[in-house]
Amino acid sequence: MLNELYQETILDHGRKPRNFGLLPMVTHCAEGHNPLCGDQIRVHLLIEDDTIQDISFEGCGCAISLASASLMSSAIKGKKVGEALGLFERFHATVTNASDEELGIGDLDCLIGVRDHANRIKCATLAWHALKVAVQSPVTQSQELP
Amino acid sequence: MMTNTSLLDQFPLLKEKVRGHRLAYLDNAATTQKPLPVLEEMDRIYRTLNANVHRGVHTLSQQATDAFEEARAKVARFIKASEPAEVIFTKGCTESINLVAQSWGLANLKPGDEILLSHGEHHANIVPWQLAAERCGAVVRPIPIFESGELDLKALSEMVSSKTKVVGIKHVCNALGTINPIAEVVRLAHSVGAICIVDGAQGLAHEPVDVQAWGVDFYAMSAHKTYGPMGVGALYGKRSLLESMPPFMGGGDMIRTVSFDGTTFNEIPNKFEPGTPNVPGVVGFGAALDWLAAFGLPQATAIENDLADRAAAELSSLPGVVLRGTASQKVGIVSFTLDSVHPHDIGTILDSEGVAVRTGHHCCMPLMRRLNVPATVRASFALYNQPEDVEALIKGVQKVQKIFA
Amino acid sequence: MMTNTSLLDQFPLLKEKVRGHRLAYLDNAATTQKPLPVLEEMDRIYRTLNANVHRGVHTLSQQATDAFEEARAKVARFIKASEPAEVIFTKGCTESINLVAQSWGLANLKPGDEILLSHGEHHANIVPWQLAAERCGAVVRPIPIFESGELDLKALSEMVSSKTKVVGIKHVCNALGTINPIAEVVRLAHSVGAICIVDGAQGLAHEPVDVQAWGVDFYAMSAHKTYGPMGVGALYGKRSLLESMPPFMGGGDMIRTVSFDGTTFNEIPNKFEPGTPNVPGVVGFGAALDWLAAFGLPQATAIENDLADRAAAELSSLPGVVLRGTASQKVGIVSFTLDSVHPHDIGTILDSEGVAVRTGHHCCMPLMRRLNVPATVRASFALYNQPEDVEALIKGVQKVQKIFA
Amino acid sequence: MLNELYQETILDHGRKPRNFGLLPMVTHCAEGHNPLCGDQIRVHLLIEDDTIQDISFEGCGCAISLASASLMSSAIKGKKVGEALGLFERFHATVTNASDEELGIGDLDCLIGVRDHANRIKCATLAWHALKVAVQSPVTQSQELP
């Protein structure tokens, strides 16, 4: 059961998160916070033509939340905003056991093991929740350089 | 080391399997398991004398009232209060502290007054004071602590002044295990005319309490951390203070007369106990204290400290492990972090091995920031823990290290 | 009449003897007995998944959290709330009302504002408002009631004005049994922009509750009057109101972040539930509602009303007995006085015959003054009561008459 | 058990309390209140030479509290204040089961049955408590005619 959760892919993304850091240009951004373990993930987006042209995230957290943010960023870069949100819905349904569907998108499926650890679902979805808020939170010039 | 194996018969849950493993319950600072005599006593109340108290003329109600008041006397004796009326029953330590902050606080705090709380306090002894301070214009200031978790008494002695109205401190730190020097803190508080409120949530089950010898003004308790039921706590307060305070909540039983023209209040403790109390819970609290006293607090502490010392020694020999909280006076709590692995991941992996620990900020965010960690892993021991529990913990941490190697 | 004799197996206490007599427990409005399935469910929690909730990463803690949140969903369904988050767990109806008076009240009441409470309210829905009004300069005014115990709706419609901020009413009167017209009261309150808080202590076990259909803003409950455990209650509040309100008490779990520079709060319901909750109690509350729903509220009411009607008919045929509370809409509560014998003496003599009733002001001093009696004798029925209980009551009152002849 | 409590003497004193009403001259007075049953007893005293020269009471209450007030008033009229208070102590000890002693003073012993009804002890001692407060509460002229 546990081995399913802490797989090599997750450990790898947790250790070396992809798309970590700042972006040269940002149009949208938001922060997610999980008080249970103190995880904090900030998602930066460059949205043009309703498409996520670029994405990055910063923050600190457990292996699950960092890996999930990293996997998410890889999975949605280049996707339409609506597609990305649709993916979140399917991802959410899968990890909360509401759906049995495999996602088949990038390495996202390797987070399915979180199902057996209900108290870690928040970690696995934190970056996604931040994404959802971010696409509705355009940044102004002043917010860009805090 | 003394043996306590025969005790396990009194704790059915400790024999259950979790995720296919023997349960090593090391989350006792969150809540202890409850021995069968306590569960059975509550059940007995429900089955043989379930009735409302104080207000009834019938026999059951009188019997329930007697049992309820006897529990009050037990709590008073356990903490060495001078009389039962100084013990107010609440739903827990958190409510007890809120009672003081809102009743005493709102009646006594003025703009500019200072409330000094140790930097290590639990949110339960910070937030109620922030809420009260905001209403009154008072100021909440942290009392510095050392990296070891020990209170900086010298700093406190320099902070107290005529502005100081409240000094708040926990008897025992839930995150690190530090035992605070209550008598000294009370002395410093009283030297400037401030009251001293002690958060006893983690003290009651592990350290002797003597409210009179310390001279403490308020001592807040939770039954569920002391082998008693959930949903019950108590507040000790000095009679003179309790009498001078306005009610916290209004309702039945706390009044003498009610009319739309004005209401007069009952005496202590009733003034602070409106509504139907948790009779079986309160009686269970009393039974838990009896049970603990019969086992012997020094025996309990010896077992807990021995296991915690072993755990600390073995953990610190593992690469990357940093023990957090190294005060010289500690109860059986071991808090640690592991280089580059987040405590939450450690907790999940330990859980998969049947080891129940707490990971997180332990409701002590300011303390975590002071120690510069987002969270720790905490193993907290109770009198029923076994050497196998320590072994399981160590094996689990080794497994974490292997996975994250 | 439907029979409910087989039920008695679920209530061990009802088979006990009191002062040598079969117990006729007619003090159900004070607290009901609890069926074995409820006691066993609480015991199961303690024995198999006792742990703290919300904060734990380990399996037991997750299981406890699931059971706890499932109970919240049960309460929400039972009162037809639109979502579980609108249900806040408290230690009882009294705390629920104090929460509203102190959190909503202190944040919204201004000098000159009016709080209208029925003249028949329980002290639990008077004193908290007096305490809040005193702090805010608001005024508490009684809404007249008729001698029958019925609310004077016309008077209320003339009292409400732009000054009215709160209208408080009990769903069912604990002293007389009157069922109040909640929907109409809510309509009148809302017509002037006031909130309506309903004290549901006596309603939940006997009358269908539909907070959404009524549009009520707050509904306060106690588990122990609804076949559930002592020490647990709940407050229903509309999401928009709960969200707009400041916290009542501070502590763990109700926060998002804490620092000495400032604290941010959690979402509802957690914002109002600081500290370790009464997990087994809350789960027991949920089990009690399941149990009651399975028995059937209409069946329960039919049994209770039938017994109460019989008792009322027989009592009123006895010389000197005056029934108090003669509203057309009533639950199974019979309140009476006996010419020239004080209710307290009646209570003692009934007790000696095994009949448990309540005598006194029933925490409704203003109502007693309105009815011009110092106290009444109250027999209150539950779904497990039997015709023998009525017989014992009548025989007991006849004995009183003989002694005081 | 019950018969022991509601004896003829008690019923009689409850129905026709002795020394009920006001006094022409009062030096001390106080009120006792039992919120449980709403009993209210006001005790008036005329104390001269440290002696209770006269006593009366007013109020309403249950049979036990009225009878107890009536019995008390009969028992202590003419007694020294100290004697009366000493009697209260013995009476209290007897009804709370702290002592087995019979009092042998007037009809006070007939209240012993209250022992088996712990919730009625307050009724049986209410007037006595008021007495104890009264002897320390001298009245001023203005208080005499309220």
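In order of appearance the chains are A, B, C and D, and numbering begins at 1 in each one.
The rule we apply is simple: a contact is a pair of C-beta atoms (placed from the backbone, for glycine too) under 8 Å apart; a residue touches a chain by one contact, two chains touch by 3 or more.
Not measured: the values here are computed from a predicted model.
Peer 1: Determine, using the mean of C-alpha atoms as each chain's centre, which chain is farthest from chain B.
Peer 2: Between chain B and the rest, the longest centre separation is with D.
Peer 1: Using the average of all C-alpha atoms in each chain as its centre, how far is it in Å between chain A and chain C?
Peer 2: The computed centroid separation for chain A versus chain C comes out at 47 Å.
Peer 1: Could you tell me the distance, in whole angstrom, between the mean C-alpha positions of chain A and chain D?
Peer 2: So the centre of chain A lies 79 Å away from the centre of chain D.
Peer 1: Round to the nearest whole Å and give the separation of the Cα centres of chain B and chain C.
Peer 2: Measuring from centre to centre gives 31 Å for this pair.
Peer 1: Two or more other chains in contact with one residue: find those residues in chain C.
Peer 2: Touching at least two other chains: 19, 55-57, 61, 255, 257, 344, 348, 351, 359-360.
Peer 1: Could you tell me which residues belong to chain D and also touch two or more other chains?
Peer 2: Answer for chain D, listing residues that touch two or more other chains: 36-37, 117, 120.
Peer 1: If I apply the definition of touch given earlier, which pairs of chains qualify?
Peer 2: So the chains that touch one another pair up as A-B, A-C, B-C, B-D, C-D.
Peer 1: Name, in rising order, each residue of chain A that touches chain B in their complex.
Peer 2: Touch residues, chain A against chain B: 1-2, 5-6, 11, 36-39, 60-64, 117, 120, 123.
Peer 1: Where on chain B is chain C touching in the complex?
Peer 2: Touching chain C from chain B are residues 12-13, 16, 18-19, 23, 25, 27, 30-31, 33-34, 39, 43, 46-52, 55-61, 91-95, 97-98, 101-102, 119, 122-124, 126-131, 140-142, 222, 224, 229-232, 246-247, 249-255, 257-260, 262-263, 274-281, 344, 347-348, 350-351, 355-360, 363, 365-366, 369.
Peer 1: Given the complex with chain B, which residues does chain D contribute to the contact?
Peer 2: Of all residues in chain D, those touching chain B are 33, 35-37, 117-120.
Peer 1: Can you tell me which positions in chain C touch chain D when the two form their complex?
Peer 2: My answer: residues 19, 341-345, 348-349, 351-352, 359-361, 368, 374-375, 403-404.
Peer 1: Which chain C residues qualify as touching chain A in the complex?
Peer 2: Touch list, chain C to chain A: 54-57, 61-62, 65-66, 255-257, 266.
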